[in-house]
Structure formats: C-alpha cells, structure tokens
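Questions regarding the structure given below will be posed in turn.
Order as written gives the chain letters A, B, C, D and E; numbering starts at 1 within each chain.
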Amino acid sequence: MSKIVRTVANQLMLFVLVFGLYVIMHGHVTPGGGFQGGAVIASGVVMLIVAFGSGQIKKSLRERRLSLVESSGALLFILVAFAGIGTVFFYNFLVGSRIFGGIPPTGSNPGDVWTGGVIPLMNLGVGLKVIAGLSAAVLALALFSSGEEME
Amino acid sequence: MGVLNTISYVFIGIGLFFNLVGVIGLHRFPDMYTRLHAATKCTTFGSIFIITAVIVQSAGIWALEGAYPSQSVMCIHAVLALVALLVTNATGAHAMARAAHRSGEKPAKAVVDDLQEKEND
Amino acid sequence: MTWLPVIIVMLVCIGIAVARVFIGPGAPTRLVAFDTINTLVVTSLVILAMMFDHVIFVDVAIVYALLSFAMTLYVAKYIQGDKF
Amino acid sequence: MSFLITATVAYLIYLVLTIGGSAVLLWNRAELVIGAVCAVAAGALLKNRFIGKNLRMLNPARWFAFLVYLFPFFFAMAKANIDVAYRVITGRINPAIVKINPNLKNDLSLTILANSITLTPGTLSVDVDEKTNELYVHWINIDPKVLKDMPRDYHPICDSFPDWARRIAE
Amino acid sequence: MTDVTALIIILPLAMIACAVFVAICRDLLYAVVVLAVMSLLLAFQFYLLKAPDVAMAEAGVGAAVTTAIFIISIRATERKE
C-alpha cells in the first residue's frame, strides 16, 4: 500500500495495542476479556501485514518468538490453575490478598480493576495465546500465498 | 438541561441530514470516485455531529451529578471513537481510490486525468 | 431525550447502503458502500450505548472503528492486484 | 530515547481510557500500576514503528500549531460538505484528476496533508508518488484556470494546508 | 426493552437477504464483501440483545480475521467460482 497508509498504520498500532491490553486487563469488569482483547491485538497485526506486506513483517515477527508467546500464555494459565491445588484445582487463592484481591465496591461505579483474584491473570494467559495463534495463522497464510516459506 | 437538549437536537438534525445526503449520493452519482466523495465526506461529517450530540448529553450529566463518575467513561470513550473514525475513514478513502484507479476504473466524464498520462508513459 | 427516532433513521440509511452493496456494478462500488455501512454502524453503536444507559457498551464502537479499517485495506489490496 | 517517548504516549492513552476511579485525582491506584506495566510493554514492542529516528515532533510549538489548525480545517470541512450536498441534489459535476506538487519532504506531513485533502473541499487524494512526494487529486468540480499551466497551482485545491502541514511536521 | 423489539425483528430479514445473496453469487469476491456486511449486522443484533462481549468477539474474529483469511485464499486460488 502507499506511503500514507503505512504511516497511519504505524501510528494506529500503538493505540490498538494499548486498547487491546486495556480490554484484556479489564476483562472482569467490562465487556471483553482475554479472547476479545487478543483478537483486537491480532487484528492490529493483521492490519500491519496488509500495510507493509508479509515479507517485511516476517523480519520482525519470527516464528520462534510467536511460539514462545503462545506457550508462555498456556503455561501461565496452567500454573495459576495449579497454584490453588492445595484446596482444589482452579481455586481462587488470591481473594483478599494484596494482588488483585480488593473487595468490590457497592453502588453505581465504573468497576474497580483491583478485584477478581486470579481471573485477570488467567485472562492475560488466554490473551497471549490468542494473539500469537491468530497472527501466526494469518501470517503463515499470507506468506504461503505470496510464495515464501515460514522459515 | 433544557439548553443542552436543544443543542443536542440541533446537532442530531444536522447529522441525520448529512448522513441521508451521503447515502442518497451513493445512488445518484455515476461512477466510483464521486460516490466515494459523497459516502466518505458526508457520512463522516454527519457522524461527527451525532457523536458530538452524545458527548454533549453525557458531559452535561457528568457536570450535573458531579461525583457520579460513570458518565465520564461514556464521554471520553465517545471522543476516542470519534478520533478513530476520522483517521481510519480518511485513510481508507485514499486506499480505496488508489486501488480502484490501479484496477482500471476510469473516472466518468473526466476532463483531465494526469495519473492516466503518467501510467501510459 | 428520546433516541429511538434517531436509531430508526440510521437504520434506514444502512438499508439504502445495503441496497447499493447488492446492485452495485463492480467491486470498487461495493467496497465504497461497505465502508459507508461501517461508519453508520459505528455511529449507531454509540447512540445505542447512550440509549441503553450502559456506558461501558461504547468500547464495542471503538473496536469496530479500528478493525473495519483492516477489512477495507484487505479488499482494496486485492482489487489493486498486489501480492500479500 | 524513542522507547521513553513511546512508553509515555502509551501511558497517556491508557490513563485517558481509564478515567473515573478517583482515588488519586481521577484514577485508581491500581490503574496507575497496571498502566505503567502495559506502557513498558508497548514501548518495548513498538519503539521502532511509532517514532523511529525522527524526534522532530517533541517540540510543544508543533502540538499547539496542530490544535490551532483544527479550526480552519473544520470550517473548510463544513464548506466542503455543503458543496457536496448541493451536488448530490442537483447532480452537476465536472470531475478531473490533477497532479500537484506541495514540496513536502516528510512522511508525516504528507500524511496530514493527504488526509486533510480527503476530508475537505471537493477533493480526494487518489495516489502519491513514492519518490517525489507528488499528490494526485480527484477534484469533483474543476476550476478551468488551473488547467492552463502544467505545474499546477495548488492554491485553488487546498488553499493553505501545505503551509500548515509544513509548520506542524517539518 | 419494548421500544427496540421492532429493530430486533427487522434486522434478521436483512441478514437473511445477505445470506441468500452469498449462496447464489458466482463471484467469490462479492460474496466475501456481502459476508462481511452480514457479520457486521450480526454483531449489531448481538449488541441490541445486550451481549456486548459476544459483539466484540464477532468484531475481532468474524469481521477482520475471517475476511483477511478469505481474501488471501481467493488470491491464492481463483476469483470466479
């Protein structure tokens, strides 16, 4: 695409990334969550692929890094689930503690992010996995259609 | 609230008029470029006014009720949606026009076409 | 403040643009009508969030305004005949 | 340096998104911490894309010029829309594609100019020459005076926007 | 809730029209564009039924990524059916 589209895509990617992180981290108080925020950021990567061409994006997004991000997302989810095994699998052991353990306020309010226990951490794991998975799928397809291989 | 309601109604009237004009222009104009003129400009301008009416309403409630912070989220996020809409619409219109010209779509009734001359050289 | 007539007029606009998507000659015209529908839907989402009085619904409108851009770029790049 | 700027901008965007908790000024304490972490991640990932090597936009006078620019821009936009509405109703068009050379060197200023042209008086930027930064503009109702000389005069098309773009981003 | 019931009934008619067009159209590019419009209206319907999280997932996956995958596939194969 032309120079104008490339410049706007570069500037817009920061906003997309920050907004996706906002959706992921507020998954327990607003509509959204891990899957939705991850899909937003992956769509940002899809936008970069169409603006710069898949050959350019391949240089900065390598297959090894994407698989590392995906595995670390799955690992975070499983670790948080196993950390509560003293009581029961998936036990919310952070309730009342100092990390994400606040008491939800009553009355009309926009929602306190410091609540929810392990739910934000699990959302983060799901989000990392979705980002890496979706962007790797589209990048592999685009590379294949333009005749290159994915390393 | 009376003044704010009046302002909102005026803005909504202007916005709906321009949206309707844009959509009707999509059917009245002869070729793709002039349709792009009508569609992009008029709908973007109408959307600016309608979203501004929403912002005025929510900002009024925010200022009136003071400590009730929930309408602030509405106000700020509507402004962000407006900014995103402006940037993406302008750039998307440029990308569509470029793609259409490269695919061989000729501007109907055109007087001069410098880009065609450049491609012929 | 009553928002329901506004939403109905916006839906009429969307209907007219959908008709252009069905009948329009050639791919570029359909793409233009599609982009118009995107803009109108984002505006309608903001109005509906105000009408339902659920402030947090506005996030969906921001997501749509950002992501419809990628869709438009993909179809445009296909029409101009480049490789991805 | 570019990492710091990108992280600061990301932090500001995050703070604007989460106004409303009101423990410290307008924000929760937790939002400040989470926002800092997100900003560091965004800065590390996008420092080359967002700002690159061009540190020219750090000057606050340029931000002020951008804010002032919004007013003539909005008036031109309103004029353009009334003009397009008139042409929709009467159906009187006289289109052409002309080449203009606004003498801009920077990518960002060219982007600002092209987006302004797309949204204002009866014009639409169709293509851009990658090497010489010349713009090809589709004009819905052409002025016959412009067609006489070959390096086209850009003042009837976009009256003072190139000067504004030069002032903002060059 | 009663004031938006009419909209909830009218919108699926437009979606059915889009789906019929997708089924009978011989040009796959047009089919993809109309499918994107249908996905857009579907997300609007979810939004009217007050399920914004589903609408957001539909926006992210159904609108952007699906269209991208279909368009890349058409580029790799053929446009006409």
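Operating definition for what follows: a residue touches a chain if its C-beta (ideal position, glycine included) is under 8 Å from a C-beta of that chain, and two chains touch if they have at least 3 such contacts.
Predicted model only: the values in this text are computed from it and were never measured.
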Graph separation of subunit A and subunit C (steps between touching chains): 1
Remaining chains grouped by touching, subunit A not included: one piece
Chain labels contacting subunit D and also subunit E: A
Farthest-lying chain, centroid of Cα atoms versus that of subunit E: D
Chain whose average C-alpha position is farthest from subunit C's own: A
Comparison of C-E and A-E (more C-beta pairs in contact): C-E
Distance from the mean Cα position of subunit D to that of subunit B, given in whole angstrom: 15
Centroid distance [mean C-alpha coordinates] between subunit D and subunit A, Å: 29
Separation of subunit A from subunit B, taking each centre as the mean of its C-alpha atoms, in whole Å: 30
Between subunit C and subunit B, distance of the C-alpha-averaged centres to the nearest whole Å: 11
For subunit B, residues contacting two or more additional chains: 22, 24, 36, 40, 44, 69-70, 72-73, 77, 80, 84, 87-88, 91, 93-95, 98
Residues of subunit D whose C-beta touches two or more other chains: 17, 20-21, 114-115, 125, 127
Multi-chain contact residues (two or more partners), subunit A: 1-2, 4-5, 8, 12, 15, 19, 23, 31-32, 36, 40, 43, 46-47, 49-50, 110, 142, 145
Pairwise chain contacts under the document criterion: A-B, A-C, A-D, A-E, B-C, B-D, C-E
Subunit D residues touching subunit B - in the complex, by the definition given at the top: 16-17, 19-22, 26, 77-78, 80-81, 84-85, 87-89, 91, 93-99, 114-115, 118-119, 122, 124-127, 136, 138, 140, 142, 147
Subunit B residues within the subunit C interface of the complex: 5, 8, 12, 16, 19-20, 22-24, 26-27, 32, 35-36, 39-40, 43-44, 46-47, 50-51, 54, 57-58, 70-71, 73-74, 77-78, 80-81, 84-85, 88-89, 91-93, 95-96, 98-100, 102-103, 105
Interface residues, subunit A side, partner subunit C - complex: 1, 5, 12, 15-16, 19, 23, 30-32, 36, 40, 43-44, 46-47, 49-51, 53-54, 110-111, 142, 145-147
List of subunit A residues in touch with subunit D within their complex: 2-4, 6-8, 10-11, 13-15, 17-19, 21-22, 25-26, 102, 110, 112-114
Residue ranges of subunit A in contact with subunit E within the complex: 23, 31-33, 35-36, 38-40, 42-43, 46-47, 49-50, 134, 137-138, 141-142, 144-145
